[in-house]
Structure formats: structure tokens, C-alpha cells
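Chain nomenclature is as follows: A, B, C and D, assigned in order of appearance, with residue numbering initiated at 1 for each chain independently.
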Amino acid sequence: MADITETPIPLLRPATSTMRLVWLRIRRNWLSAIALAIIVAMILVALGADWIAPYEPDATDPDAALQSMSWHHWLGTDIYGRDLLSRIIHAARVDLTVAFGATAVALAIGSAIGAIAGHYRGLVDLVIMRCVDSVMAFPAFILAMAITAALGNSVGNVLLAIAITQIPTYLRLIRGEIFRIREMEYADAARVVGNPAWRIMFIHLLPNCLPPIIVQATLAMGYALLTMSALSFIGLGIQPPQSEWGSMTAEGAQYIVTGEWWLFLFPGLAIVIMVLAFNLVGDGLRDFLDPRMRGVR
Amino acid sequence: MASRTDRRTFLKLSGAGAATLGGFGGLSAARAQAGSSTLTVAWDTDIDSLDPHVFKSVGGYAVQCNLYDPIVGWKVRPVEGAKGVSRSFPNEFEGSIAESWTFERDGATIVLKVRPRMTFPSGRPVDAAALKYSLDRALQSPGYMRFIMPRMLRVTKPEEIVVRDPMTIALDMKGPTPQPMVLNFLSLMTITALDPELIKPNATEKDPWAADWAKRNAVGSGPYTLITNTPGVEVVLEARKDHWRGTPQFQKIVLKFVPNEADRVLLLKRKAIDLVIGRPGLSPRNIKTFENEKDFRIVTVPDTTCHWLAMNQTKKPLDNVKVRQAINYAIPIAAIVPNVLMGYGSAMKSPVPALTPGHDATLSPYKHDLDKARALMKEAGVTTPVTLDLAVRIGWQPHEEAAVWIQRELEKIGFKINITRQTDATFRQLASKGDMQLSIETWQSWVNDPFFHMVPLFHSTSKGTNTAFYSNPALDKILDENYHEPNVEKRLAAAKAAQKIVIDDAVWGMLWYDNWTRVMRNDIVGVEKRWDTFDRFTSLKTG
Amino acid sequence: MGFFGYFLRRLSLVIPTLLGVTIITFTLTYVLPGNPAVVKAGPLVSPEVVKELEKEMGLDQPAWVQYWRYISGVLRGDLGQSSSTGRPVLEDFRQRLPATLELTLASLLIALLIGIPLGVQSAVHRDTAIDHIGRIVGVAGVAMPTFWTGLLGLYAFFYLLGVAPPPLGRLGSGIAPPTAITGLYVVDSLLTGNWKALGSALHQLMLPAITLGLSVMAPIARMVRSTMLEILESDYIKSAWAAGIPRRRVIYGDALMNALIPVITILGIVFGFLMAGNAVVESVFAWPGIGNYAITSLMTKDSGPIQSFVLFVAVLYVVVNFAIDMIYGLIDPRIRLD
Amino acid sequence: MNAASVVDVRGLSVRFASDRGEIEAVDAASFDVREGEILGLVGESGSGKTVTATAILRLIRKPGRQTGGSILFDGRDLARIPEDELQQIRGAKIAMISQTPRTSLNPLITVGRQVARLFQLHAGLSAADSRKRALEMLTLVGIPEPERRARQYAHQFSGGMCQRVMIAMALTTSPRLLIADEPTTGLDVSTAARILDLLRDLGARTGASILLITHDLGVVATTCQRVAVMHAGQVVEIAPVRSLFRQPAHPYTRALVRSIPRIDREIVMEPVPGSVPSLLNPPAGCRYAGRCPWVEDRCRREKPAMTPVAPEHFVACFAVEDGRAAAV
């Protein structure tokens, strides 16, 4: 029997509607709510880039080169007279593709290998975990740098490089959860009743793994954006004609000293805002999904 | 004062944003140093080797030009209408290690008279014996001089280098050789005097020319000596007190490694450095921002650096001459020169640079004419849009910008162009393997001679540098037969014939010749630009 | 003997990891495009010469032979040659490592000095404005690409305001480095009482260290905050309150002491971030460390330094994490004495 | 009231804010602890005993807060004096030992140091003197080999030993009131008995009054002089031990007494019928109404006041007031 010292929660009875609770939590986490709205908005902008962007992203106009912000070009133009806003909007596609793609790939590969390690245990697990240790021995960015340098800097390779650095996280998460479930008595009981193993895994794995995975994946997308932009800065980023915010910022860096600061500032801001949004949503989700935090206050 | 100028410039450039930050101008750390004896220079290269006889980085060559003396030198004369700048002119030479020279055997032998009382920093004399040792080493040590010397000078064995008396040395070439070619070759900083007494103790059985040691140690007789070389940080040179040219004003040269161009601009604008050198050093767009700044001076003179659109003839449809001609008609060079080069360059009329003997600007029919280009495409039978990759090197800003202009025009005549950006090394590798389709290439010949220039670029046997993979036996024949033709008139006529073939075959998509441009503190004069484009600090002074 | 067992257990994991690391670095360089022989030979030589060079450099051997040569070279301290400086990579590393260490340690110090109080205050004032601001500052710190903040800082503090020195290395121009003891200019100038060099070294270090420090401060602040929250709720803190221990001492003594133990464990991760950030920040500020070296080499496809940098960082990362585990074991009596 | 009160709690209310509304953890609780006595505070889990104790030291943390009442200590209201003065009282004049001795000691500080620093803090002794006094104190609470044990850490101690250390810490400065919150939870029976003996013994020797919080009426019977019964945040009955066990008045107390196992003093209690009501927006009346066999309308509407049923014996129940309870 727990005493009241811990928290007064055990005494709670559902006295209010679920909707109200959700609203209360959003109100408490208004920052995360705004961040989520930004992400959703950015996804919509990326999807509708062709309609939203005022100009073709690659349409050069030498007469309008290096113009500052104006009614015609809200965020100015670059040396080729391309509209910066349109380019940022179109670049969102590449950035979000890599961010979501890398996370999805890492999640898929990580879960699969994690499940194998968890299922076979023993030697297989040992070998897999030593490989994971080796991969994790590299700071993520350094590994991504080495992989991109080796494979060449296409969207696919950058995506893959970032994904590889994230695999261990999911792999260990899934593996650990499988180990935990195997230990549990009710899994044995369910097996006796005749449920196939995968079903037991799936039923018990999903609800336990999902919250940390969602939180992890959200944060990872922010890191993916940062990694990509840093790769671009050191010259390993995505190549034209595709542009992404990081390479745009890196290119823009050449122009700050000559006064064309917008080329550096705005793509960089796009990264900052998106990473900030992913992080805030991740933090918010952590609070929201972590059962220990639920209901306090 | 200086800081105020900076602020005003910045305010002008960036408008409202700066106003809020504006109050701190007085904190500037500008260095007033007229008459100072230290010159701080920014560059973007390390020194990979100090051995004159091996192929090396720009940094290696640039430093070597100040640590060694050439045997013969390119003479410089003031450029008219420009303050404090001189340049070399075709076929004008001056004495250096060789005070004077004469030709014998109808030009098959050159006799060099070594400058008297010339010494290495060690105090040992630079004499015929030292020169003989150095030339023997060039011919025999690992490195690329052993390939180039027999080709150009037609000296293949040490026995052909003869010491006649302590101050006289003769080179016996295979036959009569064009004199300017010989003198140009002897003006290269890679063919110089090394202090034999420093090399010899470091030689081993496996390494008889001490190639390992020479990589890290300078043994020249030049106006400067190397004090420190800290890769990635700085290189410090100090002037010799006893050099035959006299003592330079700048006693100490500090070359700071600044890999990022934006940083170089920043440092120069803040006067943390006096001068930016290197290739490209500063790109035209950044140079332009210094045009109206009274604290800085831009020195710009025409040069022999060629930039062209390389078309790999092993890739369809670039094997078709009509397609290549069409591309030449589509290149908007008239727009690129002012908009990309900001005027710091000029349109290419021939693959042989305008300053090179034999250059003929009248041969090329090409000018921007899309109708003509489309007609040629039609004649070539190319109807469906053709997709091609156009590769440029990362960080070569004019190339990246020009690529976009070219892309736009080529797409108007039936191409779909993907611009790809490669690091320098990848670019070079793809080019030499023949994996490029279109790329923007550059070349500068240290020896200002049409044949020296054309052979590596267009001769069918020139692997690696003939990036078009162009092969034309008729051209090969002209180049081979006239490379060492001593008759000046005949040789120039052959150069013209060769040029015509190359232009008619539209081997290159002709782009531009660069200007040689330096931005520096406004009180620096005595700038000298030679054919190899490397800076000599000995002539620089304030005034 | 609990600690010794713990030491052995952890050590047994380190060795296969290091082996894996070398295999990964080798594989990555093996497939790295850019033929070192072509780079070395220069443009004017024939393919035959390149072939000859390839043979000389052992590039024609099968992968496993090359790996064996690579690993035995690494064990002998032979990291190959750099084609851009023409020196053995090890020598270049030795020259540049102090710069990197100095920057890394300074950044870590800044991150800890800001991150810990920030985390503590956020936890103590949970859900108040202080907490929210702390959280935003922390998250914003990680959300900004370091090269972006670095360049902005350079532009503002060097170019516009002139309070930061030019990004030209570790000492101002004309200032001689202090007598080398540790290689860290700040430490050496302190030890030798060279105040001029100290001032200059700190001045040069300021902007890059703050840039890098801010980027890794957030995980520290976040970890401190969450462990502090947990610990402030713990029984022993409650009993400390009840025992009338003064507030500051409870928070910054009893609670923080316990909160710092988990923080030590994330220092490994922070170190990883620092090494990664280092490369970029060094490149922005032309800081003469190994990160800048690697990135410059990336441009010139100088494979020796890149390969060695990646290997070096990974090994260092493994060693640092191992050391952190050991420190953790030494500090926490629950591990040390069991 | 014959003897002087050390602490007099009057109408104490404590509330916790939550997503769903206010939780009234303590509702107008009143009781006093007298000079030299051991007062038992009993009730089921969640009845507000610990919150009450925490409130006395004013250590209620957000989202909780004291919403009413006063806590008179030496004639001053602890709820209203400045924090720095309170600091002088906590640990020094009012000490507390908790139900979780093992986790109540700082894991990173040696046991000896944790005791010694209280001497430094509250008695202003030098480091050396504090150390000496700490060893004496450890000896006093029955720690064998105190020299060696003082250099050890909490995790090297058993639960009982930890509780002895806690007691040693609590008594360093001869407090006037010692709050012992379930001091025997988690200890085996014989250890628990010895800890209680120690408390009783030391209480008598140092003259400290003890507020013993427990859910075990057996403990109360053997240790305390008087007892206060709490239910759902309300004090429902206060009486001398003898009187309470002989004639429990409140229906809840009756149920509690009935639930005591006969022979041994196992800590587990027979459950009282029904469950503790929600403290979230609780009804206005008696909180036992939902479980009470004698409930009537008035119980749900009004709150019964404390009324005497015997000397020193007070109860808050309309049924008792009305005499209906006696019928059972």
C-alpha cells in the first residue's frame, strides 16, 4: 500500500472529460503546440510548393540578381536572380524528405535488426551488439561525414548516412523491449494459450515501444536537419539542382561580407525554426507520453 | 578612421539591420602600419612539398618562387595607366642566376654565364658546379621534371649538361630549339639552383637525391628564407640581407592559412591582413566590393588563364562537331563577362590566350546566336531534348555562376542540363577517367608558348589534360613537327593552323581569359605579375 | 574488488568495439572516391606513371591485404602521409591536437558553467518563467547550426563591432606562444606566467569556444534539470529539508552532487557532439586543429588525414566513454564499494 | 488541556492542485502534541497523515499549499514566520524521521558526515567536535563499530541501521518535537520493535515529544500515550490510548480497532469496509459518510465538530452526538 507521500494521484477519479484533459495539456505545453503547428504548416508548404512558391525555384533572372527584400521578392534574390523565398519553400521538400526518410529508414532497419537480436539472442545478439557498439563509437556527425565522403553526396546517400547514425538507437530500444517482454510471465501464459510468438511480441511491443520511439524519432528529425546542413557547410551536402536549407546557408555565407546578408540569414532561420519545432514537439511528446509525468499538477 | 569607413560601407550594404548594432565602431582593431616591415598575407593552401622538382600544391610553388631564384627570369615592365604594377611581356627575359646567355650550334646549345658573387644563405657560392648538380637532380630525381625536361629542352642525360669553367655552364640540346622556348623553360621556378652541400648529406642509397628531405627543407638562393611552416596555420618567410637583388622592404612575410573565402574578405576588410593571394584568392564578385573602398587597391592585369566548357567527345552527342559548334553559338559569354566576372576577365576568342605569341582572334566565328545554334542542332540530327551533366568545382564561384548562365541558354537549344558540383579532387579524377560530359575547366601555361599550351590540351596522346579526349591526327602532326621548330615565322604560322583546326572542330566551348587580380592595402606598390602568376614579395613596398 | 570487476567487464567491451571501428574506417576509405595516386602524380604525367605510383602505394593489393597493412601501420603509429602538407599524418596531428583539445575543453567548460546552473534553476523553478526561458534558450542552442551561429558571431563581433579578434589562429599576430608544457596555450601561459600570451589566447578562444559551448549546453542543462527534478523529490532531499539544511546547500550541495552523476554519463555524448561540432567550428574560425585539418583534406580528397581523423575521433570517443564509466564508478560509492 | 502543548495544530487545511481540480488532502485538522508525550497519528493510506506532518515543517511543495489553519509552536505560528527563521527550527527544534530510512540518507555522503554536519549546522561545533559527537550519537542509537560504520555509505547499511542513523540525526540537537513518519515500515518485526523501543527510550531521555505517524494501531497501543485518528484528510477522533481502545467512538475508529489482528502485531490491517473517498472536490459533509453504517442526510450536508465523549476524548460524529452510535 502506497501512502499519500508519493503523490495524491491514487485518489483521482476521472471527473472530467478526456477532451478537457487534452486541452489542459496543450495549454500547459502551448510552446509544443505552436511547434507542432509549424511542422504541419511546413509539411503542407513542402507538399504544395508548386502552388505556394511565387516563382519557379530555378528560374534565373540576371536582371534581378542579388536584390534585397522587396514586394516582388519577399526574401530577396540570389546571384542568379532566383527568388529566395521560392527556393526555401522548394528546399523544404528535400529537407523534410531527408529528415523523415532518414528516420523511417533508421526505424525500419533498426527495428528489424533489433528484433533479430532480441529473438535469437546468444551469439547472433552478441555479434549484432558488438557491431552496434562499433557504429556508436563514432560521433554521429563524424560518421555521417565519413559515409557521405565515401559514397558521394546525393540526396539518397546523405539520407542513408544520417539513417545509419540513427539505427543503433531504435535497434537497442526494440531489442531491450523484446528482452523485457520475454521475461514477463504473461507472455508465457499467452504462449501456452497458443498465441503465435510474433503476435505476442506485436501486441505487447507496440504499446511499450511506441511512446519512446515517437519521442526519439521527433528529436532525430531535428538532428537530421542539423547534420545535413553541417554536411553542406563542409561541402558534402546535397548538390544542385536540388537545394536544401543547409547548402543554401553555406552558399549564402559567402555573401554576408559583401552585404547580401539575406542569403545567409533566411535559409539558416528556416533550419533553426524547424529544428526548434521538432525539438519542442519531441520534448512536449516526452512529457505527454511518459507515464511518470502524466497527471502531475 | 578606418573603422568608420567600414561602418558606413556596412550600413550602405545591409540597411536597417545594422542600425541597431551601429554604436560600436570605435572598437575597431585596424592596424595602421605604413612603412612596416611585415606583410601579412592570406591564402588557402598548404605547402605539400618544397622540392622544386616535384609536382605540388599552389602553396608549394608560391613559396618556392620566393625561396629560390630561377636561372633566367621573365622581365617585367610597368603596366601603362596602372599605379605600382608591372607585368611580364612575351619573350622578354632578364638575367637571374644566369647573368647572361648565348646560343651556339644554331641554337642547339645554350651557354649560361653565372652571376658572380652570388651565394646561398649558407654563404656557399652559387656557381656552375652547383647549377650542374641542380640540373642533374632535376633530370634524375623522382618528380615530374625528369619527364618535362627531356620533352621541352631535349636534354636527356647528365652528360649533356657541361661545366665549362667555374662560372659557365652549357646545355647541349638534341637539336636547334626555339630560343624563347628555352628561355621560358629556364625561367620556371622549378628549374633552379639547390645548395648541393645541403642535399648531399641527406641522400641515402635508396634516395640518392634526398627527395624525402628536400620535401621539407628549402635549399634555394632566393630573396627569402623559410622560418616556420605550420601547416593549417601559417608560413613565415624572412628576407635575406645578402641577396643580389638587394634587401626588400618587407623583411617578414606571414602567410596565413584561411581556407574560407568569406573569411578572407572579412579579414581584408578589417585590415587584419594586407593582401590576399592564391588561386582563386578572391572571386570577382568579392573583388568588386572593394572597388569603392579608399583603403584598398585592386590591381588587375590581363592573364593567360583559360576557362572553357569541356565537352567530352567520348559521350554522345558531343562527338558530333555540329553539336559542339551549336554549343559555342549558345554560350552567352557577353553576359557572363560583366555579370559573373564583373569585368575581371575577357571573352575567349581562341584557345591560345590573347597574350601568347601566335594568338589569332580572327579565327573564331562564334558569337551568341541561338538561331544558328538551333539550326546546327537540327543539322546534327538532334531533335529530342538531350540530358547532360555539367560539372563544376565546389568553391570556384565564377564557374558555378557561369554554369547557370550556360545551362539556361543550352536548355533553349534542346538540352536538359544538370549542374553537378564536385570537390577539386573528385572533379579531376572524373575528368581524367573520361566520366564527365560537360564541365568547366581551367588551364594556365607557365610557359607562354602556343605549342607548350596546345600539346597537353589537344594532342591525342595527352592523357589526363586533354579533357575533351580530342583526337585529330592532322593536328597531332602539326604540333609534333613544329614543337621545336626554330624558325619563328614558320612556327607561328603552324600555331595559327593548329588553332584553326581546334576552333573549327569546336573542341572547347570557349568561355573567358581571367585577369590576374589582387586586392591589397592601398599603399602597397611594386606588384609584379609574371607568366606563372605566383607573387614575388621581394619587389613589394609601401609608397 | 567490485571496481576491478567493473573495470574488466567494461574493458572487455572496448576491444571488439575498437576492432569494429578500424574495420569501418578502413572500409569507408577503401570506397572513398578520388585516387590518391592520381592526386599525388599531378596532371602532367601519363597513366603509366599513375599505375606505377599505385603499385608503390599498394593500391593494387586486395582489400584484406590493404586492411592488414593499414591496421599494422596504425598500431605502429603510422597513419600515412598527407598529400597536402607532405608530412606524416601523425606529425600533423601532433601539431594540431593541442588546438583541438584547448577548444574542446574550453567549450566543455563553458557548456558546464552555463548548462548546470541553467538546469538547476529550471528544476528549482519548475514551470515558471525561468524554467520556460531556460528551456527555450537550451533548445535554441542546439537548434542553431554551429556554422551559422559561428559566422553570425564572427560577423557581428569581429567585422561590425571589432570586439572579437580576427579568426587567424590561436594567438594574436606578433605574440609568441608560451613555452610548451601541455601544448594548451591558456594552461601553458598560466604556468609560465606569460600574461600577454594568456590574454591573447583567451581572446582568440572566446568566440569559437562560446559558439561550440552553446551548441552542447542544452543536453547538459536538460539532463541536470530532469535529474534535479527527480532528486528534489527524493527522500534524502526531503530529509535534508526537514533537517534544516540551508536551501542553497540542499540544492547546490546535496541535490546537485547526486544530479551530477548522471550528468557525467552524458558527458560522453556531449563529447561526441563536441568532436563533431569542433570540425565545423574550427573550419569557420580557421582554428588550427585536427577538425579543420580533416575538412580541408576532405576538399582535396587527401584520404590520409580524413581516415585518421575519423579513426582518431572514434578511438578517442571510445576511450573517453570508457574513462567516463571508470570515473562514474570511482565517484559513485554504490559501484565503487559493491 | 492539562499539560502544555509543544505544537498545537488548529484547523490545518492543505490542498493540491491537479488537472482535474483541487485535492483537499487535509481538511481543518486540529490536534496538539504535549510536552514529553508520544502522540500517535493513525489512519489508512492516503488519509493525510504524512501531508499533515510535512505541513508542520512547512515543507509542502508545489502543487500543494496550506490553505488554512495555524501551527503553533512555542506560541508562534509556523505557517507565518519567515523562511530563514523556520530554517533554525527545522532539524533543530522539530526533527523528522521518515518511513523510508534507506532512501532518506544521501547516497554520496558518508553516514558519519551526515550526522556530523548537523552538529556543525545547528550546534555550531567545529568539524572535529562534530565528528566526535556524531560517533557518540551513533553509539547512542546502537550502531556497532561506529568508527568504521561512520565512514560507510547508506547503501552499506541495513534498513534498521539506516533508521537508527536517521534517529541519531533527528536527535543531534535535542529537538522538542520529533515527527516519526511510519518509522518501522519495511522493517522486519523484531527490528521494528527495537526501533520503537529506541524511540521511546530516547524520547524519554531527551525530553522530546514525539508525533508518531502510523497505520498500525498495534504500534500505537504499545508506544503512545494519546492518539489522533485521521480519515480522508480529517481528524475524526482524539483520545488517550487506553480510552480509545476501550471505547472507540467514531464508526471509523471502531472499524479500525476491529481490524486489528488478535495475537501478533503484523503491520497489515484488515481493510475497513468501503474505500477511501475521492479527495477531489469532496462533499461538504462528513467524509466517512459513504462508508458509514449510521449515515443520515445531515452527515452529507454538514461537517460534524469535535465533541467530548469522555475526559480528553473527542470525536467528530453526528451519530455519536445523537447517541445513535451507542446502539451498536
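Throughout what follows, a contact is a pair of C-beta atoms (placed from the backbone, for glycine too) under 8 Å apart; a residue touches a chain by one contact, two chains touch by 3 or more.
Note that the structure is predicted; figures quoted are calculated from it, not measured.
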item	value
Each chain counted as touching subunit B and subunit C at once	A
Higher-contact pair (C-beta pairs counted), A-C versus C-D	A-C
Centroid spacing, where centroids are CA-atom means, of subunit A and subunit C in whole angstrom	24
Distance from the mean Cα position of subunit D to that of subunit A, given in whole angstrom	50
Length of the line joining the C-alpha centres of subunit B and subunit D, rounded to whole Å	90
Per-residue multi-chain contacts in subunit C, two or more chains	33, 151, 155, 159, 283, 298-299
Junction residues of subunit D, two or more chains touched	62
For subunit B, residues that touch 2 or more chains besides their own	10, 260, 262, 266, 269, 394-395, 423, 426
Residues on subunit C engaged by subunit B in the complex (per definition of touch)	33-35, 38-39, 41-47, 49, 82-87, 92, 95-96, 151, 154-156, 158-163, 165-169, 173, 283-284, 286, 288, 292-293, 296, 298-302
Contact set on subunit C toward subunit D in their complex	126, 234-236, 238-247, 254, 257-258, 261, 331-334, 337-338
Interface residues, subunit C side, partner subunit A - complex	13, 16-21, 23-25, 28-29, 31-33, 127, 132, 135-136, 139-140, 142-148, 151, 155, 159, 271-273, 275-277, 279-280, 283, 295, 298-299, 306, 309-310, 313-315, 317-318
Touch list for subunit A against partner subunit C, complex	28, 31, 130-131, 133-135, 137-143, 145-147, 149-152, 222, 226, 229-230, 233-236, 246, 249-250, 253, 256-257, 264, 268, 271-273, 275-276, 279-280, 283, 297
Residue numbers on subunit B that touch subunit A, as the complex places them	9-10, 12-15, 17, 260-262, 265-266, 269, 285-286, 289, 335, 339, 394-395, 397, 401, 404-405, 408, 418-421, 423, 426
